[in-house]
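Chain IDs A, B, C, D and E follow the sequence of writing; residue 1 opens each chain.
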Amino acid sequence: MRKYVSIFVALVVAASMLAGCAQNSTPRPKEGGTLIVSHQDDPISFNPDWKTDDYAYPINQNIFNKLVTLDPRYNIVPDLATKWEVSPDGKTYTFYLAKNVKWHDGTKFTSQDVKWTFDTIIQKKGTAYNNLQAVESIECPDDYTVVFKLKQPYSAFLGFLAWYGTFVMPKHVYEGTDWTTNPANQKPIGTGPFKFVEWVKGDHVTLEKNPDYFKGAPHLDKVVFRIIPDANTALQAFLNNEVDVAGVRPPLSEVGKLEKTDGVKVIKFAAPSRYYIAFNMRKAPWNNLDVRKAIALAVNRQEIVDKALKGLGQAAKGFYTPAIAWAYNDKDVLPERNLQEANRLLDAAGLKPNAEGIRLKIDLPYFQGSEWADMATVIKANLKEVGIDVNLQQLEIAAWMQKVLTDHDFDITILNGFQGPDPDNLRLRVGSNGNLQMMGYSNAEVDKLLDEASQLTKVEERAPKYKDVQRILSQELPIVPLAEVTSIYVFKSYVHGMPVEDGIGKVTFSDYSLVWLDKK
Amino acid sequence: MDENAARARFTRSLKEFWMAYSSQKQAVAGLLILLLVVAVAFLAPYISPYDPNYLGDTLMEAPGRQHLLGTDGMGRDVFSMILHGTRVSLLVGVISALLSGMIGTLVGGISGFFGGTVDAVISEIIDIFLMLPTFFLILIIVAMFGSSMLNVMIVIGLTSWPGNARLMRAQALSLRERTFVIGAKVIGESRGSILFRYIIPNGIFPVIANTTMQVASAILTEAGLSFLGLGDPNVVSWGRLIYDGRAYLTSAWWISTFAGMAIVVTVMGFYLIGDGLNRVLNPKLRDERQ
Amino acid sequence: MGRYLLKKAGAAVLTIIFVLVLNFFIIHIAPGDPARILSGLDNPSPEVIQTLREKYGLDKPLQVQLVTYFKRVIKGDLGHSIVYDRPVWTLIKERLGATLLLTFTSAIIAFVLGSLLGAYSATRQGSKVDAALSFVAYLLYSMPSFWLGLMLILVFASWLKILPTSGMVNLRAPSTGILHYLDVFWHLILPATTLSLVQIPAYYRITRSSVSGVLKEDFITMFRASGMDERKIFRKYAFKNAILPTVTVFGLHLAYVVTGAALVEIVFAWPGMGRLMLGAIYRRDYPLLMGIYLIMSLSVAVTMIVVDILYAVLDPRIRYT
Amino acid sequence: MSGTGTSSRPTGHEEVLSAVEIQKWYPARRQILRLGHKDGGTFVKAVDGVNFSLRKGEILGVIGESGCGKSTMGKLLVGLEVPTGGKIYFQGQEATSLLKGDAKAFRRKAQIVFQNPFDTFDPRHNIASILSTPLKIHGIGSSDSERKEICCQALEQAGLRPAREYLFRFPHELSGGQLQRVSIVRAMLLKPLFLVADEPVSMLDVSVRADILNALLQLSEESSTAIVFISHDISVTRYISHRIAVMYLGRIVEIGDADEIISHPCHPYTRALISNFPSADPREAREGIQIQGEPPTPVNPGPGCYFAPRCFMTSEECLHSYPEEVDLGGGHLVWCHMVQR
Amino acid sequence: MVATQQTNENNQCEESGGRPLLEILDLSVGYETGSGLVRAVDHVDLSLYAGESLGIVGESGSGKSTLVMSVLRLLPLDKTVVTGTVLFNGVDILRCPQQEMARIRWKEISIVFQKSMNSLSPVHKVWEQVEDIYRVHAPGASKDEIRERILHLFNVVNLSPRVLELYPHELSGGMLQRVCIALSLVHLPKLVIFDEATTALDVITQGQILDEVMRLERELKLTSIIVTHDISVVAKTCKRVAVMYAGRLMEVGDVGTVLVEPLHPYTKGLISSFPPLTGTRKKITGIPGALPDLKAPPPGCIFAPRCPEALKVCKEKSPVPTVVSRDGEEHLKDVKFGPGESAGLRNIQVPPIGAHVVACHKYGGDDA
């Protein structure tokens, strides 16, 4: 187990090198100031573990801590737990907690808070429930130690703990109340670097410095999350100096321009998330491998990157994210674009073109958002070239879920998603019972490989199994990967100590505890 | 011979109508705009320099010789897209307005002419529909049920008829008291026949004028929906151009700007015509020529 | 009058009930499941979804849900938001202020400017100024509000950089007291201008036509025949008679402000009801949607009744019995 | 003086129309009613128990101020309104049940000429279509051309010659007088039992009135159609009618031979009405009898004589009971406490 | 009392003789329409002496209302073409400055319109409007003074003082007409015009109001013009009558002469259209045909197409108004006037009081 930890440390180091930003000539941080971050929309609430709430997450990162967390490069880094051990059988995880931690209301933080948090998530079916199904029991041998006992070895466990819905919540505030309606959901009490000040609905959320932060007081006096739902308006506000950090991702088309803008810093790197096409294999012709193959041959992945993604990211090659390199299979990859072959396959499948050259009319539901629309548009244009007429169905996300996930009423669809923090993620995307497996795909071998891999603890043992899965996927093509998602961070160059720069290996995304402002 | 005479009268009354209409500069301007827009709609494939769906390789190129109004973020020619968008806007506008006009005429005509309980019930329904926050309703339906053009047209049509119904009802109510309608009753015409032979033909003019205006507001509604990302993605519409172009506002202002201008011009055309028709066809406003 | 109001109120209640039922079914029949959305896209678990369904009563038959809803509404409880787990009314209340500030400001500006310009045009029919004003009115009338908003941002915020793009207050320099109000006013300029500009034509047109109609009335001729000063005739007699239709438009605008402003609110990131509404649609927050709808219908109904009362005050011919 | 009147009595004695106690009460509308009566049981008694009968070819003039119910009575007679009480008989047949049973047969019996000739016809239809429509509805004439022929004949008879000239004109191309003639032609195409002429000349210019009046007179003589002639113009009514009925607030207060009524009015209302009617002859300067106020709306009048509040010769009795009919002989009936046989 | 004093002044004015109070000289009014100029009033000469009551009779489209509206200069400027001269007390009404006109209006000439329902602002109380109208010419008048004056007039026209506190819609047509009449008399003007003032009223109300008007004329020595389509109204209330047809004057003269023994064929036709109320029933005839198109009037006498007595000359030449003797035989050739003579405005002869003027070729109208 020591070994395991050291592997982790190596990873962190490697990642820091990868980031490549040598911070040798770091000037002294200036204290004080207010950081304004544009923010997409109102949080649902500040109960960080109850519902999936993308709009609360970046704020919660500053208010709460997890046991372990992910840095902006998806490395697992210590948070409340300063160190941890995994038993050789992979079934017991022991976390040693930081000792000088206080809740914002002054109460001391203990292992009881951790136990209560995870018990509640499991019991009340919090958003991370699914990821914690392996947990058998949680024990607190003392105030600063927490032991998780698992039903079976689950190698992705640590990653999931670091991911979402696992913020440690104050037991003393919540115990005995309905955690869905506790007043603290509006006025959260956490352990994080910033304390909650106010939430003006629809306008902003203000946090202030927590001088007693156990990792050291942050430099900033205040962080304000300014709510601007419209990406374009948000960009305007950023350019107008109304905002320091673009928390709302700017329109992809503007990134190039931003990079050339004085006083603006743009950091991009491939995220372990990717866009892909999913076929509805329950119905013809998608149950025919040749047809799926034809689509894979017909889609111009580079054009998608160039036009829909404005050159940000790279065309997908294999069947898992290359960002998690040890699990990535670079041998079994997608075929090159070949319209002739695609046409031949379609002909062979009996899909002959009619008088207008149309073989097939298909529905492509996708959810709103300009990159999706653009991607769908390129796919539509690509498939037109092989005689497939794509009817685009733009749906807002609720309707998309209903149509695709529940009713399976589609031909092909496009989606993306975080494929980490552990390759076990593949289970929910391509496993027979995966919650995000809308293809109707079922391969016993894949399921078996995924199960086995999740119970192994050693990377070198797990890797071949995942690579096998990718090989099968490349042969059976239930999905066609399109492109890698690019993480983009945009902020003013006077903003220093951003998580994505100085925070690598230290803090999680949007944790502004290290940030300081180099301006008056 | 009689037929010729009748035709001659018809021609003459058309002529009179045209005289009254054409004496209004603004109305004529509206008509010219409409003619232009319709011509563009029909000729779009022939006059467009590019296929509006063709994804060119120069993204966000500024307006210039190669691309009159520039290209969008996907390399499509904005000018061609605007030309093709004419069809969608016209189609959505006209179909939904027609639908609303037809429902409104029938419902309002029946309500106003039949009177009594029928009227009481229908006008209550009209009132209820008038009180609906229509745009919100359209938004909900389109957002939840999908944003195909057909949906948009039907929903706009189904939610915008009460205005027409109220106009037609008012007309029917006053026509009902007109001597020639009472006279028709006395000579033994049935209620249905009176409705279709006298009430609707004589009362429809304000509805026609209003329907013309509704084409305009339907175009605006479609644009509004598209702006919220609820347009039909399979077609090129001006609203969607604005919506798409919004993402490029600072770096490629021309996408949203020109599409918006196309809307303004077309919508204005319909408003001008509607107002012109109103002044000619609506006796109350006839004196108020500009 | 009292009786009339009672009757009106009764009709309004009926209308609202109808509207709510209609809306209830539209919302619930539409595809999409709030529990599903709340459970997220990353790793949605069927158990979580089921728990959520049970918690919010979404597993019950539709008619049961409807009845439950009405029972609650009658007690004055709009229910709890599925997404936010907070009372719907609280959520609405938080946003209502901003929306009302924006919409009232713009409605009043539009009302005053529009009717003044309309009256001015009516007395100078056929003049160049009249022609120019009418043209501008048509132009603005034809403009999608959101597009106008975008253009204003482009010009005044992006290019000229003289006004803020969005939001309600300057967060960099939080202020209190009078400065706070000035700050809000500063942020209000662009959105309010946008909304006013698109509303002005309605007032302009109605006032212009109603003033020119009144000026043709016999009693105006009568006052002219009496040698009364034209300005006095206009100020005292023509205007009061012509203002009625304008008041109706004002009432209608006020009634629909909440929805009407949604697009502009989105463009300017104005923290009002518009976005709450859109969010509720996207997240299928049924109780919140119903609550917003109820408030909107209510505001329409109340405004209508207020307009009726105003009418009775302004026009002695109207007697409600 | 009354000699000419009696000599032109109708020749036939056949009764074509009789009205027995006909009533038309409207519930008082609560909305925007100016007078604002609030209690629930209020009725506007537009027609409140009218009795009369009409013989073949007879012309009965009905006079009274606006709001006295004369137009409503006209509408009741042609089935445009359904009486709320009483019965109307056409040649002994009860009218309301006829209207319900065989509406077309009813329409053929009762026709009307309206006040406003400019509004009597759909401006979109030409005269040919206007005239042939009733023929088509009632199955008169077997073909379009035959019907056209019938229309031509009727127009020529009515003095609109040559008929072809008029057939394809539209209403707005004819003068008021011509339109009113067409209106009479249309009514007569169905050969009705009787005709209601509701203020048929009041919208016409003075100089063309004679034409229409004479056309109606000719009609009643030639086809023995009975006519109920409703007007507020006393001299015109006297010119055309055999008998005159004077109405006040929904009731007939006096009825009798036309000249008799004009020259010897008995009811105070009739007297006030006639005395205030100016003559075109400046030599006939008369001072009108002053009565108070203007006719009130007929909302629950009574219990006494409806006219009592304005009457210049009221007695105590007038305020308590509605007067009984007083027969002055020669068909001259009056309802007034102050008139004795 | 103010009223009596002013009456005396009027008396003096009449007694002093001289020029008429109102002279309409060669007045023409055309309305611009999209398809041509409608000649609503065509070369009309008419004069009125103080103390006279003149009835202007004509059917619809005869231009009688336009005539009186031009006397008050109330026609819309942009749509009408007015030529000729209107002299009131020597002031050229059509050309005097705006302030002068404002002074003349109501103070010197007032008018009562036909549609009394619309003659008052519906959203202001009667009192408010009375007050405002009164103050136009007496800006400093106190409320009491105005009240006293209007209540006196209300008394004259049989109105209760209560009316002042009501809104116009709360009054009946007759009451409103009375209010308007009272209002027209507040400044005791030299001339009151009644434009179809009783047309919309019922017989009894009309009779009573006409009686009141006559009484007022007698008591206050009003000079009045009564415009109507109803000869019987004129017969009852006026001393002189002017018969108009299609914008032209047909016959002017004493009521007793013109209505009893009309000369002009149109007047004859018009009178024969009124069936007598009493006496023998004689067949009435009316006038065949209809009003000519005023955008393209026929050459010659405008009445010629409908005239049963038309001669050849009638269809060629427009007749000139001529003063005839009482019996219509003797031509007074030296007093002639008509179009074309307006060059020397002041020299136009005005027919003497009581002159009988006919514009017809049969009565010397061709002697121009």
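In this text, contacts are C-beta pairs under 8 Å (C-beta built on N, C-alpha and C of every residue); 3 or more make two chains touch, one makes a residue touch a chain.
All values derive from a computational prediction rather than experimental measurement.
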Graph distance between chain A and chain D, where chains that touch are linked: 2
Chain whose average C-alpha position is farthest from chain E's own: A
Winner on C-beta contact pairs when C-E is weighed against A-C: A-C
Reference chain D; chain at largest CA-centroid distance: A
Separation of mean Cα positions, chain D and chain C [Å, integer]: 55
Chain B and chain E: spacing of chain centres that average the CA atoms, whole Å: 52
Centre-to-centre distance between chain E and chain D (centres being mean Cα positions), rounded to whole Å: 34
Between chain B and chain A, distance of the C-alpha-averaged centres to the nearest whole Å: 46
Sites on chain D at which at least two other chains make contact: 34
Contacts with 2+ other chains: residues of chain E: 169
Contacts with 2+ other chains: residues of chain A: 230, 236, 239, 396, 398-399
Residues on chain E engaged by chain B in the complex (per definition of touch): 34-35
Chain C partner contacts - residues on chain E that touch it in the complex: 72, 74, 78, 101-107, 110-111, 113, 115, 118-125, 132-133, 136-137, 167, 169, 180
Of all residues in chain A, those that touch chain B in their complex: 230-232, 235-236, 239, 251-254, 257, 303, 307-308, 310, 368-370, 373-374, 376-378, 380-381, 391-396, 398-399
Residue ranges of chain A in contact with chain C within the complex: 34, 36, 41-42, 44-45, 47, 50-52, 124-127, 129-131, 164, 180-181, 185-186, 200-204, 206, 224, 226-230, 233-234, 236-237, 239-240, 242, 396-399, 401-403, 405-407, 415, 417-418, 428, 435-436
Chain B-touching residues of chain C, taken from the complex the two chains share: 11-12, 14-15, 18-19, 23, 26-27, 30-32, 125-126, 130-131, 134, 138-139, 141-144, 146-147, 150-151, 153-154, 158, 209, 212-213, 216, 256, 258-260, 262-263, 266, 277-278, 281-282, 284, 289, 293, 296-297, 300-301, 304
